[in-house]
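Before anything else, here's the structure in question.
Chain IDs A, B, C, D, E and F follow the sequence of writing; residue 1 opens each chain.
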Amino acid sequence: MEGEPQLQKLKKLEIVIEAIKLDQVIAIIDEAGASGYTIVSSTTGRGQRGRRAGGGLTNVFRNAMVMAVVEDAVAATILKRLEHLIQHFAGMAVVTDALVLWPDYGRDRSKPASPRTGAAP
Amino acid sequence: ARNDPVTEFFQHSLSNLLSPMILFFALGWIAVLAKARMELPEGMVLAMSYYLMAAIGLKGGIELAHEGWTVTVVLACLAGVLLGILLPIIAFAILRWGGGFSALDAAAIAAHYGSVSAVTFLTAATFLTREGYSYEGYTIAMMALMESPAIAVGLLLARLSDRRATQAEDGPPLREIVREALLNGSVILLVGGLVIGALTGEKAGETVGPFFFTLFQGVLCLFLLNMGIEAARRFADFREVGAFLTGFGLTMPLIGAACGLLSGRLLGFSEGGLLLVAILGASASYIAVPAAMRLALPQANPAYSMTLALGITFPFNVIVGIPLYFWIARLIH
Amino acid sequence: MEGEPQLQKLKKLEIVIEAIKLDQVIAIIDEAGASGYTIVSSTTGRGQRGRRAGGGLTNVFRNAMVMAVVEDAVAATILKRLEHLIQHFAGMAVVTDALVLWPDYGRDRSKPASPRTGAAP
Amino acid sequence: MEGEPQLQKLKKLEIVIEAIKLDQVIAIIDEAGASGYTIVSSTTGRGQRGRRAGGGLTNVFRNAMVMAVVEDAVAATILKRLEHLIQHFAGMAVVTDALVLWPDYGRDRSKPASPRTGAAP
Amino acid sequence: ARNDPVTEFFQHSLSNLLSPMILFFALGWIAVLAKARMELPEGMVLAMSYYLMAAIGLKGGIELAHEGWTVTVVLACLAGVLLGILLPIIAFAILRWGGGFSALDAAAIAAHYGSVSAVTFLTAATFLTREGYSYEGYTIAMMALMESPAIAVGLLLARLSDRRATQAEDGPPLREIVREALLNGSVILLVGGLVIGALTGEKAGETVGPFFFTLFQGVLCLFLLNMGIEAARRFADFREVGAFLTGFGLTMPLIGAACGLLSGRLLGFSEGGLLLVAILGASASYIAVPAAMRLALPQANPAYSMTLALGITFPFNVIVGIPLYFWIARLIH
Amino acid sequence: ARNDPVTEFFQHSLSNLLSPMILFFALGWIAVLAKARMELPEGMVLAMSYYLMAAIGLKGGIELAHEGWTVTVVLACLAGVLLGILLPIIAFAILRWGGGFSALDAAAIAAHYGSVSAVTFLTAATFLTREGYSYEGYTIAMMALMESPAIAVGLLLARLSDRRATQAEDGPPLREIVREALLNGSVILLVGGLVIGALTGEKAGETVGPFFFTLFQGVLCLFLLNMGIEAARRFADFREVGAFLTGFGLTMPLIGAACGLLSGRLLGFSEGGLLLVAILGASASYIAVPAAMRLALPQANPAYSMTLALGITFPFNVIVGIPLYFWIARLIH
């Protein structure tokens, strides 16, 4: 079993937010104590607040997408602060269960997934 | 050998309509009507907009260096700031009490009209060059100064009329809003260009002139192509929004132009300068102000302002406004 | 508990489709009654129909990616229409379970996730 | 029921990797026998190795994201090889359970999801 | 003091090979062979392609305004449409009965060869300018007209030969296919440029000329660098596809050039005009047609057409074709 | 009528500081300090960098064609390679034994300083043009040659000092590292431009000159704007890294410039050529080398080298270095 990569069971947040509020979402993620995040900086879309189709001159109608893999408690903190933000600004968040492979920095891996009970491998 | 005014108006209109710039604008609009799959790459649009702002800034700076800081320059700058304060108040009054719009929507739209559209200005300046008229270089400094006061006025109007505008806890501090408005690429290149032009003077024209000045009109054509595309898309969205706002989008530029012409006349501007100051009053921002208003007044519907500024007022100004204001400028000069 | 953000249990669809068919996929999503979607307009990839590596002159070899979070029935409708489309055009769809945080427009939230049974918070 | 799209239960890998190692990750995915992958070529982010915020001159500070939907065994192979790579290079991998809609090439569909037990439809 | 034909052919070949354009094309190809990590940004490539199409359109339009709409212009346009109808039929016959390709693949490839490659045309036009030859401005109008008929012919051939091409319920209506082909950015800028050039005439040259005309050859160099990269990649893919298609990709341009030269000769074109009309026949589309065919005939393998048009026929035309067709043009003139 | 040296130094410094290029650089830096939301689109930055490299390559090539391959040219190229070998060794020694850095970090940083920064070179060359000095065209060939030897030396130093550098099983073969370094777009366009310029000679200047040469200084301004943004960001990161490296980033260019000036003097370069060869020694790579080092020595912290090369040494060279080295060049000439 030693050769098998150890995966950590975490929450994957995918946050869509209007581009001008990206910095604030990043701040929320950082302050909640997430170990990192990944940004897809230019997306378009449609939601309750209509189509947001970009346009080269302003980023008022552009969305950003942020993915962050975090512990359950961190996810809860982030979602709580986001809930307020997306009342006024276009955005949403999606939460999924995920297993994560990190580099081994001696990082805390409280719940390694077993090959039998977990998903992969 | 001055022609009679009406003939002159039609000549200028026709010359404007048949300029490559306006024709490229029309091409973009037609492409959207034809549902073409055409999109200028975002990097290209941004690159052109940075280029144009740097170029007009440099031009203004070089001329400022040439003309020197006279009393007129200072008065002109003051007049610009005053226009930027007055116009949003007029616009707010019309929208709130004439149109019955919510305080937040009225304030957000008003802020756009107190600020300026650099591309309208560039198109008008190119119109002048083509027709053989000169203009005061410090009108470019006025434009740079007019980017922001309207944002503060719009916010003030909102906060005075609707408590929600003040108490948004999530709302960013005024500092961040101003930063958003003033410190975006376009404004930085305009102001930076002005300062660099003023510091380097004529000499800069020799080294960087072939890039920034000789190519200017060609780049402006492709940029207006993109404006045609974006304006047509906005215009299409607008049909849902109603007659009052359309009327506002066509009337407010006239009010703005009148205020601009008046101040230009008082300051003794040339015919070319009068046109440009009319454009400063008549045009509405769709770069700096939208982002600032979005941050400051998120409850206001951003589609209103953008549709008005980009879909109605911009085409009105470049097609009808330029020859019209110039005609009046020549009459009152 | 009232302070906790309420999440809705839904399906997350991620659809990869060749760029020239993006408009049709958006139409399918709209017609199925989805509340929105998010587009990453330029991706590349490989699948059964070979490498699709982009190229600046045509979008014949480019893919788009669309993410839509929808109710189960809407997902089924979308997948049914996609199944036909991807017979001829390069594409695929991935479905995952997800919890979603929406802005609170008084939107229907039939199954809020509980902090105990659900994933996050 | 014949009209219902048949979905295959698989693992969805989402791999974030520094841009200059994208080619190697693609090679790993190919060699593991994946049927395909989708690339979002330019993302930014933060992780244990600091912020990676792009910059127009070099791709030393840019990330790429690759999504690959694969069988469990393939996922295991990929993760094993990635584990080593991300010791030295910025990167991570997220694994989720997913149902996939493929075009019907007579492809092996060992475990079609049933409308009742599976997720969608 | 005319040199003997063979010497002349080698002189023109060498002059073409040693032009900056072809050298940049070679540089791109070599970079791919060396497995370089080099990719021009997509926005830059699109921007250059829009620029080039607008520029050539403007040039053609200005010359049309100058030359006027004579009978020859109308006949030339008609000839262009006829070429666009005839060439795909020839190509289809060769592929279907000579090569045994499926009706759908044959029709899709054929449509590419009935249409034109604007960059090949631009390279040939620049070759003429460098060698000091002029050409008829309306060849540019012919190019614009030839973008589309081949698409309709290709589709017709497919539908007549294979019922699958007709019954694709998911398939888009012809309207959408034509829209895809005609209303992409490149074609819009070409046609739009033509109209704008015709409307503004010489005057446009003065204002936007420094951008659209003076920079043209330099931009074309960087664009051909990118063509070298893309062609080399496509060429690499092709080795899997086989000898028949390679042969087709080298022969079909000769057939197309022959048809082009013939019609040019009948219409009394100059030497320069003959080269350009040969190129219209010889070149194959890799922008407008691929997308249209992908939508219309998704069962056809898009890799075939792109590899042929971009990886085989394009390099053949710019390296061997231009001097060869010009040599023949001078012989038959 | 030569001024006294000190006056001259201040004149050159001032003229450099007040050039549009340096002012645009400052504008970018100030924008970052003001926390502006300003980002040039990546496609635009890459496009400009490709343009600049192709242009300087072409220029060098055309001059090489003009000057011919004399013994001096060959000796100069040799000197370039020697500098590329010597400088990383000096830098490594300072960092390892002076600064106590790990072998891997020291080797990675050293490789950057043995290579060159093309933009620093371009800024210096433009400084010369503006001041009316000419320079040896083959300094451009020296630059092209100096891109790579330092990478090999850096790697060798790492492997000799730390076994981890050798045994990385995942590590790519040297071939791939060299490919990464040499076959990126910038180097290809520089070398390709050189070859194309040498092949086409003066004639190319007429056709593609308006694009590649006339616009050069203007494009360089916008590129330096972006350099200002990126340098300021890197500089901000650096404050965490400490005084020793800052000192190194300011001292190493002086050592490099001294070595460069010495070799230039021995080879009998003109004043302009002396400045350029000083810049080759003084400047540090932030395009080709970072990627190569990242692949080859992933354990080294890439933030160190980038911050030094881009955040410290680049601004030092363009602001202080250019006038300083030129002043020395004129003294020792």
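Everything that follows uses one rule, which is that a contact is a pair of C-beta atoms (placed from the backbone, for glycine too) under 8 Å apart; a residue touches a chain by one contact, two chains touch by 3 or more.
Owing to the predicted nature of the structure, the values given are computational and were not obtained by experimental measurement.
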Checklist entry - So which chains are sitting against chain B and chain D at once? => result A, F
Checklist outcome for this item: When C-E and B-E are ranked by contacting C-beta pairs, first place goes to B-E
Checklist entry - Which chain has its C-alpha centroid at the greatest distance from the C-alpha centroid of chain A? => result E
Checklist entry - What chain is the most remote from chain B, judged by the mean position of CA atoms in each chain? => result D
Checklist entry - How big is the gap, in whole Å, between where the Cα atoms of chain A centre and where those of chain B centre? => result 39
Checklist outcome for this item: Expressed in whole Å, how far the mean CA point of chain A lies from that of chain D is 16
Checklist entry - Residues of chain E that touch two or more other chains: which are they? => result 40-44, 46-47, 180, 215
Checklist entry - Touching two or more other chains, which residues of chain C qualify? => result 40, 96-97
Checklist entry - What topology does the chain contact graph adopt: line, ring, star, complete, or other? => result other
Item to check | Chains touching one another, given as label pairs in label order | outcome: A-B, A-C, A-D, B-E, B-F, C-D, C-E, D-F, E-F
Checklist entry - In the complex of these two chains, what residues of chain E are touching chain F? => result 18-20, 23-24, 27, 30-31, 34-44, 47, 126, 130, 214-215, 217-219, 221-222, 225
Checklist outcome for this item: The answer for chain C against chain D in the complex is residues 11, 13-14, 16, 40, 43-48, 63, 65, 72-73, 75-77, 79-80, 82-83, 86-87, 91-97
Next on the checklist: Looking at the complex, which residues from chain F come into contact with chain D?
Outcome noted: 40, 42, 44-46, 49, 168, 170, 180, 226, 230, 233, 286-287, 290-291, 294-295, 298-299, 302-303, 306
Next on the checklist: Which stretch or stretches of chain A touch chain B in the complex?
Outcome noted: 18, 20, 24, 42, 50, 53-61, 84-85, 88-89
Item to check | Residue ranges of chain F in contact with chain E within the complex | outcome: 41-44, 46-47, 50-51, 54, 58, 179-180, 183-185, 188-189, 192, 195-196, 199-200, 204, 207-212, 215
